[in-house]
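Each of the next two complexes has subunit A plus one more chain, namely subunit B in the first and subunit C in the second.
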Partner chain A sequence: MGDGKKILFINRRGPYGTIYAQEALEVALVGAVFDQKISLAFIDDGVFLLRPGQSTVGLQMKQFTAAYRALGDFEIHRVYVERESLQVRGMKEENLMEIVTGPDGGTRNLVKVVSSVELMDVIHSQDVLLND
Partner chain B sequence: MLHTVNKSPFEKDSLNTCFRLARPGSDVLLIEDAVYAALAGSCFEPAMSEALARYSVFVLKADLEARGIDSGDLISGVRAVDYSGFVDLAVKNDTVQSWL
Partner chain C sequence: MNFVVVVNEGPYQHQASYTAYRFTRSALEKGHKIMRVFFYHDGVNNGTSLTVPPQDEPQIVKQWCQLAQDRDLDLVVCVAAAQRRGIMDHREAERHELSAPNLAPGFRIAGLGQLIDASIDAERLLVFGD
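Right, the complex of A and B next:
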């Protein structure tokens, strides 16, 4: 993956109300397959995407957020969650979906909660930014 | 009158507009992304608590479950209803206003 571009997908909406986040995830997975350096950021209502315990049986919709768990297998670099967005929404850092990677037995959670200032650096270090 | 709202209060002003224009005593039903307004501990809680003094506020169960919100996460006073409860509210009220 030497010459892949650094691409950050910025998710700013929750699941199910709109199709944006689901589409972004699909494109991110395609990018990963083609050896790009993919990261995801969850900002604003996007933090609701990683809320555990989702069940779409009543809505009769696909629970696409379960596919975030597969991101580790696709060699996605990092998943960033903005702390300020969590706080405003009454969400706890320790109560987020885990995205585990590392087939060597040493598992690691890809999800990293960061401050706005840290996220600023992440955004400014990318080659390409894609927004939902 | 039944007022329904389907947008997140963190993204759009629909719910605030509903609370500004709905007559006290109205029923307000939160569906789709509007159910996030009922989450306890968010910055929207004060506005919701104030609204609960004037309105009966309901949230649609299927939308809560899809978003991983259980009854323990709700601001107290907000009532969860299923789809037949939605129908009951629509039948009980003469008119329905959808704040989109």
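Right, the complex of A and C next:
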């Protein structure tokens, strides 16, 4: 884990309708190789990004959301998902994509569902916020 | 204060770019440092030299160019976002065998690492977008 700055990438938008989320993932993947304390947050329609099993066949859009799993290969600190955003969209916590890290000493899922109040504390503790 | 400014929207669809421009100009006038302005998403469209807006509308691209020249400002357009949207410097246009480059003077094309680097080094990062 880097001792550098705490950077939080905030994803607010769903996939495919616009390119914001796809390009935000590109930033996160680049940021992940820098030796900083990187986290991601998914709020509002951004929680749709972590629905597993997405198919874009027929949409002619790139299926990019599976690549969030690749974040587990880097030293990402945590992936936060706002509980209230899930609830109002009828999504269940147990149905979210897992982003698994840690080859030795057992794996762990980086995805953590938090309340909006908890997420506010996370946001306040960061040095840098980058939103899509 | 040492700022990095991120512009996520194009010059005319959205107010974000012009607000970012006015913030940048004001911050510099007040003696602050802008270590980099990074253009991402449709924000890369701020770097095209081929806009011809009506004369009674803001000349946003020209204003960025002028500010870059007057203040030695580092205006960086993301290469991946730029390639999707057809913003090319001489080198990129040649590499992809395109008819002409169109990157406005005062801008340069670089990778996303320049955004992360700046966010680490600056005291504040400001995102101007939707």
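The criterion applied here is as follows: the second predicted complex is superposed on the first by the 128 of 132 C-alpha atoms of A that agree within 3 Å, B and C clash if a C-alpha of one lies under 4 Å from a C-alpha of the other, contacts with A are read in each partner's own complex, and residues count from 1 in each chain.
Quick note on the criterion: a residue touches a chain if its C-beta (ideal position, glycine included) is under 8 Å from a C-beta of that chain, and two chains touch if they have at least 3 such contacts.
Just so we're clear, the structure is a prediction, and the values are computed from it rather than from any experiment.
Engineer: Between subunit B and subunit C, whom does A:45 touch in the aligned arrangement: first, second, both, or neither?
Structural biologist: A:45 contacts subunit B only, not subunit C.
Engineer: Is A:66 contacted by the first partner subunit B, the second partner subunit C, both or neither?
Structural biologist: neither
Engineer: In the superposed model, which partner reaches more residues of subunit A, subunit B or subunit C?
Structural biologist: Counting residues of subunit A touched by each partner, the higher count goes to B.
Engineer: Classify the contacts of A:34 with the two partner chains as first (subunit B alone), second (subunit C alone), both, or neither.
Structural biologist: Once the two structures are laid over each other on A, A:34 reaches subunit C alone.
Engineer: So in the superposed three-chain picture, is A:120 touching just subunit B, just subunit C, both, or none of them (first/second/both/neither)?
Structural biologist: neither
Engineer: In the superposed arrangement, does A:26 touch subunit B (first), subunit C (second), both or neither?
Structural biologist: So A:26 only meets subunit C here.
Engineer: For A:100, is the partner it touches subunit B (first), subunit C (second), both, or none of the two (neither)?
Structural biologist: The answer is neither, since A:100 touches no partner chain.
Engineer: Show which residues of subunit A both subunit B and subunit C reach, each in its own complex.
Structural biologist: In the superposed arrangement, which is not itself an observed complex, subunit A uses no residue for both subunit B and subunit C.
Engineer: Which residues of subunit B touch subunit A in their complex?
Structural biologist: 6-8, 10-11, 32-33, 36, 39-43, 45, 61-63, 65-70, 82-83
Engineer: For subunit A, which residues are in contact with subunit C within the complex?
Structural biologist: Against subunit C, subunit A makes touches at 4-5, 7, 19-20, 23, 26-27, 30-31, 34, 36, 128-132.
Engineer: Which of the residues in subunit A come into contact with subunit B in the complex?
Structural biologist: Result: residues 13-18, 44-45, 48, 51-59, 61, 63, 88-90 of subunit A touch subunit B.
Engineer: Would you pull the subunit C residues touching subunit A in the complex into a rising list?
Structural biologist: Against subunit A, subunit C makes touches at 6, 8, 40-41, 80-81, 84, 111-113, 115-117, 119-120, 125, 127, 129.
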